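Each structure below is given as structure tokens.
What follows is a pair of complexes built around subunit A, which joins subunit B in one and subunit C in the other.
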Partner chain A sequence: MRRNAWFELLRTGVAIAAALIIGFIVTSLVSESPAEAFGYFLKGPFTSIRRFGSFLEAAVPLTFTGLAVSLVFSAGQFNMGAEGQFFIGAVAATAAGIFLDLPPVIHTVACLAAGMVAGAIGGFIPGILKARWNASELVASLMLNYVFLKLGMYLITYHLRDPSAGALVSLPLKESSWLPQFTRTTKLHAGVFVMFLVVFACYYFLYRTSKGYEARMTGQNISFARYSGIPVLKVMLLIQVLGGAVAGLGGAVEMLGIYRRFQWQASPGYGFDGVIIAILARNNPLLVPLAAVFLAYLRVGADVMAMYADVSAEMVSIIQAVIILLVTAEAFLAGYRHRLTLKEVKQRASAS
Partner chain B sequence: MHPLLRAVFSASFAASILRVTTPVLFASLGAVVADLSGVVNIALEGMMLISALMGVIASAFTGSAWVGFLAGVASGILMGLVLGYFHLKLKTNVILAGIALNLLAAEGTVFLLYAVAHDKGVSSSLPSKVMPEIQIPIIKDIPVIGAIIGKQNVLTYLALIAVVMIYLFLYKTSFGLRLRAVGENPDAADSVGISVHKVQFIALALSGALAGMGGVHLSMGYVSWFSRNMTSGRGFIALAAKALGRNHPIGAFLASLLFGFTDALSNYMQSLRVPGEFIQMIPYVVTLVVLAVYSGRQLKSGRSSNE
Partner chain C sequence: MRAQAQPQATDPILLMKGITKVYPNGLVANSNVTFEVRKGEIHALVGENGAGKTTLMKVLFGLEKPDEGSIFIKGEEVRISSPNDAIRYGVGMVHQHFMLAPSLTVAENIVLGAEPRKGIWFDRKRAEQVCKELSEKYGLHAEPAAKIKDVPVGIRQRVEILKALMRGSDILVLDEPTAVLTPQETDELFEALKSLKAMGHTIIFISHKLREVKELSDRVTVLRSGKVIGTRDTDQVTVEEISRMMVGRDVVLKPMRPKATGTRGEVRLLAKNLNLVQDGTQVLKDVTLQVRAGEILGIAGVEGNGQVELAEVITGLSPCDSGEIWVCGQDATGKSPGEIRDMGLSHIPQDRMIFGVASNASISENLISTRYDKRPVSNGFSLDIKAVAKLGQDLISRFGIKASSAQQAVGTLSGGNIQKVVIAREFSTEPKVIIANQPTRGIDIGATESVHKYLVDATESGTAVLLVSADLTEVMSLSNRLIVMYEGQVVAYFDEVQGLEEEEIGLYMLGLKRQEPDEVTASMMGRPVE
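Let's turn to the complex of A and B:
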């Protein structure tokens, strides 16, 4: 068991190293001074307090979508809806932040709840389509992402828009709904506490409750789960609703903590980033924040590089893709694992 | 008659259905081929996107639309082989590998566009070419039908021909039989001496080639430029069309037409006083509803294992 964990860590490390090397090769193809550009990329997040702050801030929404994807992946579901759930959760929280009139803390909680409910509905739709009609949750959730994007933009444009602002943004959220920011230099905010709460809640659910056990069993071996009497369809539905709620909550936290008025024109892409994070964290909620910090580091580094060097920030997508491909490749380094196992068996044999 | 209804029953509307169906049709044929060989190709979206950009770049640098077309198809094939390498050789989960390729395509195309055209939005600064429109001599003079299929982009005709070709390939050739055998039961196929991996590699390459043609149509036929994320989910809709069409080329064709109809309808309805967001939502909502209704019928007819 310990050897396995060590091997997984090694494989993740090698995959990341390989991805960085490929990223460097691509950088040197387009850049006049690739070493300098890549230096900005790697050191960027640590070059000022503000950047370090924005690096930690960026990890917060990524943790939420990473948790959402980890939940549904644990149950073997390929629901790709975190993208749309996060988006619609942010829209719902914006509406609640503008229209509700409540005292401070209660208003914040109401907005967070609105985001959770909106996201949960986003998980319920593909979930019920799968459970009742056996429709592929993969295709359904991908379609739903576009529906939510258009629906959200409709609500912002026609019902929540700030007519006095030049750009297409919503009215500002009432101050009573805000999650307070800690300092003036960074935007790091009290949503971090909500985040850690959800991290532990997800861990507790998956590893300490019977429903969580049923979900993981369904993910590992659906036939076994079915024959041992687990209501697999209900479990799948439950886990997709929970995943949706977590993603929607993430969108709400981002609105209340960072933006305070809705200003996205397109989906910010945290949902698919959540897939990378879930893969790196092996669907373990406790590892999700670490993986999110790592991805945020890559993202902020890429932004800094794009600012100071002649390489655009999208270079990081190449690194991300290679990481997903290599970390999930079961046969990658399998020969090494085989030798490792063989060595241990031989040692044991000679010891006895 | 209501102006919208009059528009819907016009020949030019039918012609526009064929035009917007083309990219989805190519991709859904690609989905069918991959699926019948036993591999779910969720990377169609990314394949289309990369091919759309490569077609624009190659045609801009060579001045030839056909070189652009070939470059687009070649990129699709390459993506198919990469997907095959990771899924078949390195045992990556095929859906995760597909997601990785889609992410790579979504941002990688922006990266490449910036490197080539110094723009992160559209490729309009590149002098890219457009695939020609063709008039079919006798048919174009037939009333109504001529207005619908008499004059279309060459790729639209190619897509219609591809439906027949893929059907014949899958159901009337020995390789098609082997491909379906591999998808149906890889162990059985292996036991009679069929190289499962080789067949699946070829299926993925073909799937990528078809998606590539769809991508080229988007940037060099449907419009005359590449813009970021211009596929906007068509690769995923193609997966839905494959599912609705029961993994059959003709079925996928009909399902793609349904999508084309809703997409063309939403283009027509832009002029009405309905918020644009709702109109743009139509194709996705229709796909969702049809997927649910259709899958439900499938479940009822095959209600033995799941109960």
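Let's turn to the complex of A and C:
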């Protein structure tokens, strides 16, 4: 077991290193001064407090969608719908933030709950389609992203829009609903605590509760789960609902903590990043924040690079792609692993 | 014929030297194995399951790449990296699970990959001619025009052998060839193998049925835990000696059936007129049976005659088209596997890797899969991980599971120990009814012995057991009562197993003989409680 964990860590490390090297090669092809450009990329997030802050801020929504996807993946189900669930969660929190009249804290909690419920509905639909009619949850959740995007934009445009603003944005959320920001220089906000709470709750659910056990066993071997008496269809539904709730909560936190009025015109892309994060974190909730921080680091670094050097921020997509390919490629470093195994077996044999 | 020293009988035709094979999960399947086969002999390769027999043969056939070691055929070192190489060097393999195309004919299967042609067309006549000539030459008769799916298992096996012979194999490997055969078919196979030997072919025969090894082979090599324990002339050793080499200690080969308690207990499992159609064939036809507390009802039959489907229907894994199922007086028809388990039913599935375990999960996680939401493991919401760990520890020691800890992934255990995990889980919930489907399939003698013991102990303390087994010796020596299934039907019922002949049961298994359906039901159900 320990050997396995160590090996997976090594594999991820090598994949990241390889991806950075390839990223550097690409940079040198397009840049006049590649070393400088790549320097901005690597050091970018640490060059000012604001950048450091924005790098940590960016990790928060990524953690939520990463958790949402990890939960569903743990049960062996697909989830391509975190994008739409995150989006509709943000819209619901916006509506609650505008229309409800509640004292501080309680208002915040109500907005978060609204986001969760909206996201949960977004998970319920593919879940029930799968459990009832065996419809592919991959297709259903993917297609629902468009539905939620258009539904959300409709609600913002026709029911929540601020007519006095110059752009297509919602009315501002009432101050009683806000998640407080810690300092003036960064937008880092109290949503971080909500995030850690949810990280721990997801871990607790998967590894310490009976329902979580059901989900993991369904993911490990669905025939075994059915044979053991685990109600696998209910599990599929539950895990989609939970995943949706976590994604929707993420959208709500982002609204209450950072934006305070809805201003997205398109889907922000955190849901698909959630898939990348779940893969990097091997679906382990405790590793999700680390993976999210890493991805956020790449993103902010790329932005800084694009700002100061002649390389566009999309370079980071190449690095991401290489990492995902190498991490998911089962045979990558398999030969090295086998030699390790052989060596260990021999040591054990000569020791006994 | 055996030990008739032909002049070339001592030339090694095959030498596998220092073969080591470690699987990616760290399992050492072969450790410095040296295996030598002489020309023209029948060489038995025996060992408990997980001893490394199949792996060694996979290495020989190019299906697995060894980490160390070399192979010599007819004195020359060879590199075998694919089955094609193996066939080129004259090695033919008859797998445990036949590799035939069911919708093609016997002749088509035999020539597959080396089809005779007329122009660009397949020459069917020529193929059937080739097939006929081969059959006659080797005395292995099979109707060339018959479709594989329409012929019995024994014939399919013959087709596999003919296929290997057609490709010019002079070293023929048979992996547990008798596991799927009736006694009659086994006899015919042995005749065929002996005549092949007389024609100068070399045969490697993998088995764990020592009686057969003794009857058929010239020499025997024993493997244990991936190592060679020794090679002996078969007529110089007794069955007991071979089994001691295999297990490393003395074993009792004949299991004892549970003592009849005198009075028969209440009916714990009742199935009435079960019918099931799958893919257009009727796999269960009016199956009616009952099992009482404190007895083992055995189901004999060649594999694939509805036993698996029956077990799946009873345990709720698949629905039936009509009929009723009652477990401990409760209606279990159409209920989910979880609900039926809650009525007191346990199930040892035929395929442990598909149903019995989640191989990447730990031993304790596998042990709690039927009680993860009940005390003491859970309070209904959260798991008590101390209780989980304790249960894991307890069951590992109580059932003698060989593992480094309860955290070890089940997939890294040997087959016998994986089965022990399943047994430990299914027996430790105090079941009222146990469905045991092939409970000792593919596990070693030591583990088999303990599985038998658990079954008998549970029965004697009042559990009702439905035992399905393709191993006729096993099902006959363990059961109190016996039924035979053929093509989805119960074709015979025996109220008393003692004194029955295996050959007699074999006739029912082959469908050559059957009792009147009404009589079967009447004698099984209608007998007044004594």
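Heads up, the rule we're going with is that the second predicted complex is superposed on the first by the 352 of 352 C-alpha atoms of A that agree within 3 Å, B and C clash if a C-alpha of one lies under 4 Å from a C-alpha of the other, contacts with A are read in each partner's own complex, and residues count from 1 in each chain.
Criterion: contacts are C-beta pairs under 8 Å (C-beta built on N, C-alpha and C of every residue); 3 or more make two chains touch, one makes a residue touch a chain.
Quick caveat: nothing in here was measured; it's all calculated off a predicted structure.
Chemist: Is A:G229 contacted by the first partner subunit B, the second partner subunit C, both or neither?
Modeler: second
Chemist: Under the stated touch criterion, which partner chain does A:Q320 make contact with: subunit B (first), subunit C (second), both, or neither?
Modeler: A:Q320 contacts subunit B only, not subunit C.
Chemist: Between subunit B (first) and subunit C (second), which, if any, makes contact with A:Y158: first, second, both or neither?
Modeler: first
Chemist: Between subunit B and subunit C, which makes contact with more of the residues in subunit A?
Modeler: B
Chemist: Please work out whether A:I279 is in contact with subunit B alone, subunit C alone, both, or neither, and reply first, second, both or neither.
Modeler: Only subunit B is touched by A:I279; subunit C is not.
Chemist: Name the contact category of A:Q220: first (subunit B only), second (subunit C only), both, or neither.
Modeler: So A:Q220 only meets subunit C here.
Chemist: Pick out the shared contact residues on subunit A: the ones touching subunit B in one complex and subunit C in the other.
Modeler: 334
Chemist: Okay, in this complex, where on subunit A does subunit B touch?
Modeler: Against subunit B, subunit A makes touches at 30, 78, 80, 125, 129, 132-136, 138-140, 142-147, 150-151, 153-154, 157-158, 272, 275-276, 279, 312, 314-318, 320-322, 324-326, 328-332, 334.
Chemist: Within the complex, which stretch of subunit A touches subunit C?
Modeler: For subunit A paired with subunit C, touching residues are 1, 204, 208-211, 213-214, 216-217, 220-221, 223-231, 334, 337-338, 341-342, 344-345, 349.
Chemist: Using the touch definition from the top, list the residues of subunit C that touch subunit A in their complex.
Modeler: 22, 24-26, 28, 31, 67, 315, 317, 336-342, 347, 349, 354-361, 365, 368-370, 372-373, 378, 380-383, 385, 407-409
Chemist: With touch defined as at the start, can you tell me which subunit B residues reach subunit A in the complex?
Modeler: 42, 86, 89-93, 95-97, 99-104, 106-108, 110-111, 114-115, 120, 232-233, 236-237, 239-240, 243, 275, 277-278, 280-281, 284-285, 287-288, 291-293, 295-296, 298-299, 306
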